[in-house]
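Two complexes, one shared chain (subunit A), two partners (subunit B, subunit C).
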Partner chain A sequence: MTQRSEKQGIESAAIRSRNRFSEEKVAVIVFIIFALLPIFITGYPIYILPQYMLFGVLAMSLALLWGFVGILSFGQAAFFALGAYTMGLAMQTNFGVNSGYIGILISPLVGGVLAAITGYFLFNAGVKATYFVLVTLALSIMIEQIAVSQSDITGGWNGMYIDRMPLTFGTFGEISLFNDIPAYYAIFPVVIAIYVFVRWLATGRFGKILIGIRENEDRMTALGFNISAYKTGAFALSGAIACLAGALYGAHANFVAPSLGGVLFSTEVVVWVAIAGRASLLAALLGGILVASLSNYLSTITPDYWQLVLGIIFILVIVFLKGGVAGAISDLSKHLQSKVKR
Partner chain B sequence: MSSLLRTEGLTKHFAGLVANEAINFELNTGSIQCVIGPNGAGKTTFISMISGHLQPNEGRIYYKDQDITKLNVVKRARIGIARKFQTPTIFDELTAYDNIELAVLGTDCPYSDRNKNINEVLEIVHLTNESDKPVKFLSHGQRQWLEIGLLLAVKAELLLLDEPTAGMTVEETESTARLIKHLTQEFQLSVIIIEHDINFIRDLNAPVTVLHLGRVLMEGSFEQVSANEKVREIYLGHGNANLA
Partner chain C sequence: METIISVLVDATLITLVLALAAFGLAIIYGLIGVINMGHGAMLTLGAYFTWATTTAGVPFILAVILAALGVAIVGLLLEHIIIRHFYDKPFDTLLLTWAFFLIMTEVIKIVFGTDFRNVANPLPGAIDFGTIKIPAYRGAIALFSLLLIGATAFVFYRTNLGIKIRALIQNREVASLLGLNVSRTYKFVFGIGSGIAGLAGGLISPMLSVDPYIGNVYLVRSFFVVIVGGVGQLLGGTLIGSFFIGGAETIFALFSKQVFAQSIVFLLAIVILRYRPAGILKQS
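For the complex of A and B:
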């Protein structure tokens, strides 16, 4: 009996690890494709892709919150824009070292601290998920309004120009990121690094506890978990990642305007994640990239109706695919696997 | 045997309704105490005050001679007081293994021992063969056991079980009584059980506290309690249990 159960325990562990690594396999393939892409394609797509990858990171920051903890945020764009403005202000300041590096270091702190403070008060007060959504919505509006009104610092409606940072290596010289391909290969590894880091957290103790909170808050509390602390931590992490992605976006796009932090863009992020599937970080990352690309493409062929098309896709996914495209693929593969077994 | 849990004059009123009135209660380490009483007797209120889900209006709760009256649910869980709710409160979408793992994550169990601890708990609650199934597919009895498993995995010392055999078959009920006795004998766990099922209480053969209208009506062995005229009257008067 004991032997049998032990064997089954090992088998079940094997099944678990197989499932766990399947997303990583797909991730490796996807990243290899993206790494090779500039060999086959040139011009505008290679210019714009790094920005869409950063949209993907932004989507991932939402998936961490929405997919894992079950908390929806309409404030992700606020953190993204905050990051871009932080980068812009850092680039205008002379720190004696590469200002871009300072911007990259400071931006996640800015986003993380803002999210931590907001989350601390809301979650400790036991605010329900629905009210939390409203507060994040307000956060988006506030950031956009501050960006408009503080025109001395932010440039107001005109936006802010941001120099593209070079990669410096101290006394070893520097690489200009002015051209598309160096810029592509500078942003892309950072995107991978962020994905690997978030994925590592999400599959570890922290991520499991977040899933527990999503599944049953009462049970987690009764087991002795301080759920408001974990929710605050998740929101802070999500804000930090969104802000970092925004800083890199600002550096690459060379420009940030108030609308980047607005409700409209925040809503777009929610649409990407809902379509792609909020339970998977890789799906969110790809969702950001692909849906943003699709939007761009649609807006060139049908400038008047592209948002309508996107809206219809969104509704279809919400109605027919609860777990988004990734959820549907995962269900299908499970279904096929069980058929093969039989 | 030393006293693990003690309440002094525990009182809870809900807008004038007396839920619990001056309850003095004591539980020794490694022992079982059943709390019975008709609906509305204040059993769940009593357990909720011990778990920290409700604050008493008056009275004190001592756990290991420490006054824990003001501690919240999370802090009480951390010092070893864990509760099983009336309806199984588990992680429906997750597998039995993942359920237990979450509880283990709440302890200081090192990573290398995690898998071993989880499998041990699954074995104790007879769920080794179901470890890969999302627990929403388990039978009602198995779900009740899984919740007890969560309390074991989090290394609780005092288990508060609110109707642990509700919805169970006769065999499952007997098996649960064996499981709970095993836990107290093998691991020196202490258990407070709220139950309606008289057969289950008879199987446990543990001391019984009878609550009626928020007060302790009597305490004693199962035989003493079931022979008591007043207790019979309450139960037969409500017609929802047969003590014979």
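For the complex of A and C:
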């Protein structure tokens, strides 16, 4: 029943990729705009934008899972926070090389392994999608509680300070990332790289199999695909990306507190992705960036009402607009194209 | 010996309070299959209603009844406006009730503020049993929880209404063909479940500081109670699930910090959910 209702709402990503307004073209334009932005704007927006981009990556990690496989995780922020803590711990340790690099390398491993273990454990037994939501919700609470209770390691409620790493090039010297613009241009390419990588996976064989699982699990099983392995793989990938984004976020924000992994933030990510459109990676990325900046801007003006509005929009999207904004735009463009042809 | 008895008593009290908190969820999920993610917000709302009315001078028992009614009305509105259109899409009801949770939490913050609120304990003091002392209010709540679950079981297994609801669970189509008003029964169950959540929130409120997020942790604990106990097993399931979750938490809390103990229990519950998705007693 669930699968069918999901299917009705979401346009197949395969169809969308044939659209004239292809996601790649939009992505190129968007990335060029972001690349040029620091020339026109300075100050706070340029300082904060990399963090929002990483929120966007976090949203994308959820879209990969929710939009493509049809599995919803209420625990993405847990991985994000885990990444930030991993980065913080790495920066406190002397590895003999740039600790930041070690943090960046370790964090996706930590997130990927945790997700793989959780995923393998649950998917292998065919645990219901709704129960998976509850387990990931519990995961989120657990990460927050462990961060609070193990205060010797994590700093407890007070959070953990994270040094901002420099970019080192061995004997060729190093670039300090303490100024906004170098930090911006250090994180932005990573965001692009992650997007390109996930997009490549999602449009390739792996992504098609995931969509197949979303559309008809039984048939994919009959065709000989190992469903639980693919689901586990997708969840591990999603966890690894969320954790990497968290590590970079921690390094940029210089700080992580338990609430970063908490339930509220985890579900906020779900709201972003639902509104932006869960079947499109770019929409999720941009949705994360836009809604996070709007949240930050509006919550200084009207903190409570903004959350309220977000909640109401969330309901409206679920009831009327399954594909989110991206789905609506894609439907509209298809509608217009069919009119032109006639 | 004394510590063993006091741990046992503690575990029993926690079990019964937890059963009370989880019962509204068990009813809605077990009977009509809606995973009510708004359960936490309903508990919180019940607590705030109780705080508001007792502060206005209403006696505690009346305040709790009003809270239960208030939350039942909110639940009925939610059901009528949104949920009833999505009964055949369980995943959507999950998201929609979650949205309800988000909205309700914000409304609570706007209306009542974010400061900690305290509801005066209507039964201060403790009952002395010689070797151990039981806080009077906790004891009363535990007893009430047992009575409530017992009474519901009576309605469920010994009355006409109970037969209708059980018919509905067994086969919705046939029940409706036989003239049972399905949508009205669903509405009734949703209202009762919400009301009991509000009642639980009101009754729990004197035991803790009330803030807009008290329902969060109870939501997940309640779910694990229901799943560990077995969905649809209103009477035994809720008690067994609560005993497992609450009891394990009490025992682990002896060795580590309270919050950490809870994480361990969640982990255990996930393991059980994996191997016994139909409840701890049932082989799937």
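What we mean here is this: the second predicted complex is superposed on the first by the 321 of 342 C-alpha atoms of A that agree within 3 Å, B and C clash if a C-alpha of one lies under 4 Å from a C-alpha of the other, contacts with A are read in each partner's own complex, and residues count from 1 in each chain.
Quick note on the criterion: a contact is a pair of C-beta atoms (placed from the backbone, for glycine too) under 8 Å apart; a residue touches a chain by one contact, two chains touch by 3 or more.
Note that the structure is predicted; figures quoted are calculated from it, not measured.
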{"item": "Partner chain(s) touched by A:209 [first = subunit B, second = subunit C, both, neither]", "value": "first"}
{"item": "Partner chain in contact with A:105 - subunit B first, subunit C second, else both or neither", "value": "neither"}
{"item": "First (subunit B), second (subunit C), both or neither touched by A:181", "value": "neither"}
{"item": "Touched partner set for A:32, first subunit B, second subunit C, both or neither", "value": "neither"}
{"item": "Residue contacts on subunit A - larger count, subunit B or subunit C", "value": "C"}
{"item": "Subunit B versus subunit C as contact partner of A:336, first or second or both or neither", "value": "neither"}
{"item": "Which of subunit B and subunit C A:315 touches, first, second, both or neither", "value": "second"}
{"item": "First, second, both or neither for A:220, with subunit B first and subunit C second", "value": "first"}
{"item": "Overlap of subunit C and subunit B interfaces on subunit A (superposed complexes)", "value": "2, 5-6"}
{"item": "Sites on subunit C touched by subunit A in the complex", "value": "35, 82, 85, 88-92, 94-96, 98-100, 102-103, 105-107, 109-110, 216-217, 219-220, 223-224, 227, 256-257, 259-260, 262-263, 266-267, 269-270, 273-275, 277"}
{"item": "Complex contact set, residues of subunit A against subunit C", "value": "1-2, 5-6, 72, 121-122, 125, 127-131, 133-135, 137-138, 141-142, 145-146, 148-150, 263, 267, 270-271, 274, 304-305, 307-308, 310-312, 314-315, 318-319"}
{"item": "Of all residues in subunit A, those that touch subunit B in their complex", "value": "2, 5-6, 8-9, 12-13, 15-16, 205, 208-209, 211-212, 215-216, 218-226"}
{"item": "Complex interface listing, subunit B residues touching subunit A", "value": "51, 73-75, 77-78, 82-83, 85, 89-94, 97-98, 101-103, 105-106, 115, 119, 122-123, 128-129, 131-132, 150, 154"}
